[in-house]
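A, B, C, D, E and F are the chain letters, set down in written order, and residue numbers restart from 1 in every chain.
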Amino acid sequence: MSKFKKIIGGLSLALFMAGTAHAETLDLEALNALVNSNAEQDSYIFGTLLFLIGGFLVMWMAAGFAMLEAGLVRSKNVSMQCLKNISLYAVAGIMFWLIGYSIAYEITEGAKFANFASLGPRVFGDAADNSGGYSAASDWFFQMVFCATTASIVSGTLAERIKFWPFLIFTALLTGFIYPVVTSWEWGTGWLDALGFSDFAGSSLVHSTGGWAALVGAIILGARKGKYENGRVNPMPGSSMPLATLGVFILWLGWFGFNGASQLAMGTIKDVTEVSKIFVNTNLAACAGVVVAIFYTQIRYKKIDLTMALNGALAGLVAITAEPLTPTVVQSLLVGGAGSLLAMLTVPLLDKFKIDDVVGAIPVHLVAGIFGTLVVAYTNADVTFKAQLTGVVAIGVFTVVASAIGWLLLKFTVGIRVSAEDEEMGLDHAEVGVAAYPEFTT
Amino acid sequence: MSKFKKIIGGLSLALFMAGTAHAETLDLEALNALVNSNAEQDSYIFGTLLFLIGGFLVMWMAAGFAMLEAGLVRSKNVSMQCLKNISLYAVAGIMFWLIGYSIAYEITEGAKFANFASLGPRVFGDAADNSGGYSAASDWFFQMVFCATTASIVSGTLAERIKFWPFLIFTALLTGFIYPVVTSWEWGTGWLDALGFSDFAGSSLVHSTGGWAALVGAIILGARKGKYENGRVNPMPGSSMPLATLGVFILWLGWFGFNGASQLAMGTIKDVTEVSKIFVNTNLAACAGVVVAIFYTQIRYKKIDLTMALNGALAGLVAITAEPLTPTVVQSLLVGGAGSLLAMLTVPLLDKFKIDDVVGAIPVHLVAGIFGTLVVAYTNADVTFKAQLTGVVAIGVFTVVASAIGWLLLKFTVGIRVSAEDEEMGLDHAEVGVAAYPEFTT
Amino acid sequence: MSKFKKIIGGLSLALFMAGTAHAETLDLEALNALVNSNAEQDSYIFGTLLFLIGGFLVMWMAAGFAMLEAGLVRSKNVSMQCLKNISLYAVAGIMFWLIGYSIAYEITEGAKFANFASLGPRVFGDAADNSGGYSAASDWFFQMVFCATTASIVSGTLAERIKFWPFLIFTALLTGFIYPVVTSWEWGTGWLDALGFSDFAGSSLVHSTGGWAALVGAIILGARKGKYENGRVNPMPGSSMPLATLGVFILWLGWFGFNGASQLAMGTIKDVTEVSKIFVNTNLAACAGVVVAIFYTQIRYKKIDLTMALNGALAGLVAITAEPLTPTVVQSLLVGGAGSLLAMLTVPLLDKFKIDDVVGAIPVHLVAGIFGTLVVAYTNADVTFKAQLTGVVAIGVFTVVASAIGWLLLKFTVGIRVSAEDEEMGLDHAEVGVAAYPEFTT
Amino acid sequence: MKKIEAIIKPFKLDEVKEALQEIGITGMTVVEAKGFGRQKGHTELYRGAEYVVDFLPKIKLELVIADELLEATLESIQKSAGTGKIGDGKIFVSTIEQAIRIRTGETGESAL
Amino acid sequence: MKKIEAIIKPFKLDEVKEALQEIGITGMTVVEAKGFGRQKGHTELYRGAEYVVDFLPKIKLELVIADELLEATLESIQKSAGTGKIGDGKIFVSTIEQAIRIRTGETGESAL
Amino acid sequence: MKKIEAIIKPFKLDEVKEALQEIGITGMTVVEAKGFGRQKGHTELYRGAEYVVDFLPKIKLELVIADELLEATLESIQKSAGTGKIGDGKIFVSTIEQAIRIRTGETGESAL
């Protein structure tokens, strides 16, 4: 098939369709039908396009997590972190196709779990799947990259000490079961949705879920050797601040797809206007997150902590994600700024409990995610605090229990932690074939 | 709210609208109105979508500047450069919301300054803001990222010796006042626009403004210690050429949004066709910039200067930015190539005057920006050289004066330059908490 | 021209058009014409937008190749690799404009070579070029970035030992002649297209063509000094695994544009639905490529080879590129996984023949590309194995012969290989002015 | 004065430094090194080819001390650097004839 | 022959090299090092935790010279490397018994 | 015991290591270095300004050996490290008074 013929074919089809009304000797009813079908078509195309653009932007966040984490782990674990990030994205894609999507969306309204009979791999028909007002495949793609995001969150926290394969098995569990179940409750129209819980783009569904899974993993896995010694916290600075910075910029960019395309439609003036407002609120919440972080660390430590500024941006983004549409700009700034502050206050707290979170995913995704979800009650009049709290607690309890079972099963079967020797030597030598910067002499 | 219900809601709305005509027993007038409102809606969606896509591409340029600058400063200042870049983007966003946009656009046609009464934060209504034929929030977002670009230009030139907070205060001045004023003159329909001055996507408004502010800053701040010693120029090679290269690729990508979406509309065949032509011209001007740079440095120095090739691409892009639509491809190649050549000739000139521009922002953004603005008179028949020259001079004078006042006030109050000791030790130790590559032993 | 006035102008035009029907006292025929012209316009805008979005995503792949290759060459050649990548993109753009596009598309249906009379630079009219149902400039841009991709493939294989200028001359030949001729046969509606050969997005046309040119180059150029010594293979690990990983993520992202926008139209429900399906299949083929690679290397080597996981993703993407639309998800997974496996089996084979492919472009682009093209016969009922085989062989023979002539001419005139001394010292010192990481003391 | 060169495992640096501080050593210089010895290297994997990296990351510690501190220093390093596993490293002792503090021009032991 | 090891501040390297060239030194080898001494380290900040980096970047210069150049060399380094501020570094002198130029096989002072 | 410091071209490291292994050397330590000597440096180009980099990448090899291995070691290095071109490097020999294996506490030649 040539690149040219195709186009010409498409065009003549359009002309033919346009011609329909004419052939029927310009019947008003036929023209009316044509106008309506054209409108529907445009709406379908716009909605699908939004999913595709949003989808590739969120897919790009996988690279953001990879760079952020590669920058924040020590050189001896950088190759491993790269490997984990590309592998988890691959596993998430396959698991979400195999079973995840059906768990998330084959659910009766208000229910707690998907209909068993409908579980299974997702099939995409050849004919246009018109029923939803958008292409089913575009929707699947958009949902899938969200699922992968959840898994990315976990990999950062557990870096530098978890074995590769158990981590990947947990990823399969998370992306094939835990995340889909949580999602089914809300976006699948399950019981949380029925309750009035609201989580626009996933502060809880994506970020807290990932954060809880990471927290439970961090507790069961234990801290890195030497991290908490003789009663003091031993910072283990990562290998590359510019890579970490790049990662955050990538995530920030991807977040426009994450929040913006969660509008789920772009075919009306109202929808596209709301997408625009979401862009503005999302962007400014992140801006506030940065500003709060640099002020806070300047005042608190007399220096400006770059890694906190980076995490501040992310915390601002996570916080606004539960409701990026209804807040005013001022509210968005406050939400983003407060999310950032909370994340910064959580970092030393985790250290106090000797919970070793290598990249700060728990403060950023879990804490700011919970805050962002709860605060919706104050920025969206249709939402109650009770519903939000219920959602936060339910998601927390379920994810903690399910993750704990997963982690513990892995721990007592294959084991999840590398040997002390391997940890000291670095995972790149132990499990991956190659150091991140393997050259010695040139 | 579920991801599903939302969609279905959107769809039924569309069906309802389509049904309007029908319900009124197929009145031709009603159908005509429907057709027109559909067309208007499509035009609105396309225009808004252009702003959103263009906006996120230009936002991504912030990452490009961050990587370019991180690669071109020495290791001891890389964390600081990352910090500056993410912070300036945050400050630009907030300032442009707080006051900048109103200065830029609340101006009477032909005027020199905005209407005082209208100054203040930008508010986005909940209802669709239809008046402009696009979403107001999408427009704001698109304008905001341009504003941030201007600030990014400054940070590169002044790297490695300027204090963090004074730099950020200047950024607030630049993005909240200087850039908005300049913009109001032209894009806000102020006096330069009335005069016939033309700057399609901002060779002058964005790039020269940033370039002038950088130049004035560089003069007032002085050169880095050791840069010009004993009458010779001491090159201080940056930390990472691949990061600098990545930065330029990011900027090149972002430029499609920068120039392409400056068409400001995509709802007609004409508009989208022009956006396409802008893509082609923009791309080829950059190609010519690279080719001229590699030939020139090969002939002049017998080696190919990678940093010049990178700057050549950028200079080509800056030069075509003032008018990426009317030129033929050949003209675009010439404009891009000449912009690159001028930038390369400027580099040693700056050194002669001991103006220390760490990343080459002045040759690229100021010089190629001025050239690109003036040359519009030869590629766009509607534009006169006199108008262009007036604009270039006016923008230059205003930005130089305003920047000088800002820099001098900062210099004589809080001071703008770090101590010689801090400069030698590197800003990462002095002001940021962490070195860019903090590991010593692993 | 102001950013505001423009918009308002565009809007009033739309209103005027809408008014046409009304002015003529609501004639049904006129309204019908308006509806049809609106539909045509939307189709045109959507098609053009698809090219523009796809185009910038594929342009971004140039950065992906640059980072992948920068990461996989040794430090002493990293600046050179960056330089080659930005230069080849520039040369490809100019050559494809100058002559390439006309060779590719000014061909009579079923012919073997373009019409001589029509050869020459591409000119873009000022008026909307409506004939193809999309903007001609957007199409050119989209085709151009494909052409650049072909050249990117070659640069990786020949890294670390080829002279800069001869490489660039070959790039000009490849992008101005070889690639366009191959393309003309299929996408230009030449003889392969007439034969029923099918290559949706270019597994053969882009990837194999690049791969063959790289293979011939590698054979004529010879292996790097020390690569095959005393009968053993001496791995020469690259400088930075995180940069290589970033490169692969960039390529993966870009591939959504590569395959998705090769649908060439987005103005109907069918088209956009198919684009969506392409996204899904493309993504999952890459996922399968990764999963196969990590399992295979774990089993075969007892460690997980990061570089193979990265190449596995790319091989999966290359393999699905010939037909990303018709396969089911299961087929896509199989195609991607098999492509990855084949690539991994080819790596040691090349070493056996002492063909030194620095980044693995031959296994990934040539081998997976051929496989992907042949397998179309099994995933697309309209395609015969014979046609596919004919295409693969024809493209192979032509590219090998043409490339060999090019490489040999260069070899026996200017020479293509740097001196042994320069190779040992590194190309960054020899030909570029600056080392990739030039700092020694700070 | 004696010069002590100790080749140790990188992650032991902090411990060794603290042990030395305890016995009154106030100055030392360290250099990143790669060591080849009995401790066997890693088998690495790059693009499907396996290879052995014989040189392992080590830290080389150099300190110049007054003669009378020799015993204490050796003991201190030996204790703090040891893990009991192969590859712990070596200590080499040689003589330094002169030491100068650049800042003050002091020489001999008072320069240390 | 004497071996001179000078630990200096990194940014002084060029100056020291030029000073040494002036007195006729034609060969030297430098190594990146980290120094621990009286000069106090930096307080760093990483993810909200402060920590002290005691080891500061230094350059270690090694040159082997003929005995008669010793005085001049020491003086030259001392002058060119000094800033007067703490942390300027040290110079250590020891004896080298033999020197060989690999390329020619020359030995002794003619190998330098 | 003797300490041998050999400054060699980086790409020669593997060859030298193998040559040394052949004559029975089982331990050595290497350090990345930059050398200044007769071999002329590179003219570099950065943002339009040319400059000379005098310091070229070298490897410094350090090994402590029993006295009787001295001749064989010197010869072995000289042969394996030589390319005949300027910049091949130097070998310096000095005396080590004591060697200790940290792991076992062995001293003297048995510690090597």
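Going forward, a contact is a pair of C-beta atoms (placed from the backbone, for glycine too) under 8 Å apart; a residue touches a chain by one contact, two chains touch by 3 or more.
Note that the coordinates shown come from a computational prediction; the quantities given were computed from them, not determined experimentally.
Residue numbering shows that subunit D and subunit F use the same positions for less than half of their mutual interface. For chain pairs C-D and D-E, the one joined by more C-beta pairs in contact is D-E.
Averaged C-alpha coordinates put the centre of subunit A at 52 Å from the centre of subunit F.
Separating the centre of subunit B from that of subunit E, both taken as means of CA atoms, is a distance of 47 Å. Under the contact definition stated at the top, the residues of subunit C that touch 2 or more other chains are 28, 31, 35, 38, 42, 49, 53, 237, 240, 246, 297, 301, 303, 305, 307, 432-435, 438, 440, 442. Of all residues in subunit D, those touching 2 or more other chains are 11, 31-32, 34, 44-46, 50, 55, 94-95, listed in ascending order. Across the complex, subunit E meets subunit A through its residues 43-51.
Against subunit C, the residues of subunit F that register as touching in their complex are 11, 34, 42, 44-46, 50, 55. On the subunit B side of its complex with subunit A, the touching residues are 1-8, 10-11, 13-15, 17-19, 21-22, 26, 28, 31, 34-35, 38, 41-42, 44-45, 48-49, 51-53, 55-56, 59-60, 62-63, 66-67, 70-71, 78-79, 82-83, 85-87, 89-91, 93-94, 97, 121-124, 128-130, 135-138, 140-141, 144, 164-165, 240, 243, 246, 431-439, 442.
The part of subunit F that touches subunit D in the complex is made up of residues 3, 17, 26-32, 64, 94-103, 105, 111-112.
Within the complex formed with subunit F, the subunit B residues making contact are 233-235, 237, 297, 301, 303, 305, 307-308, 311, 344, 347-348, 351, 360.
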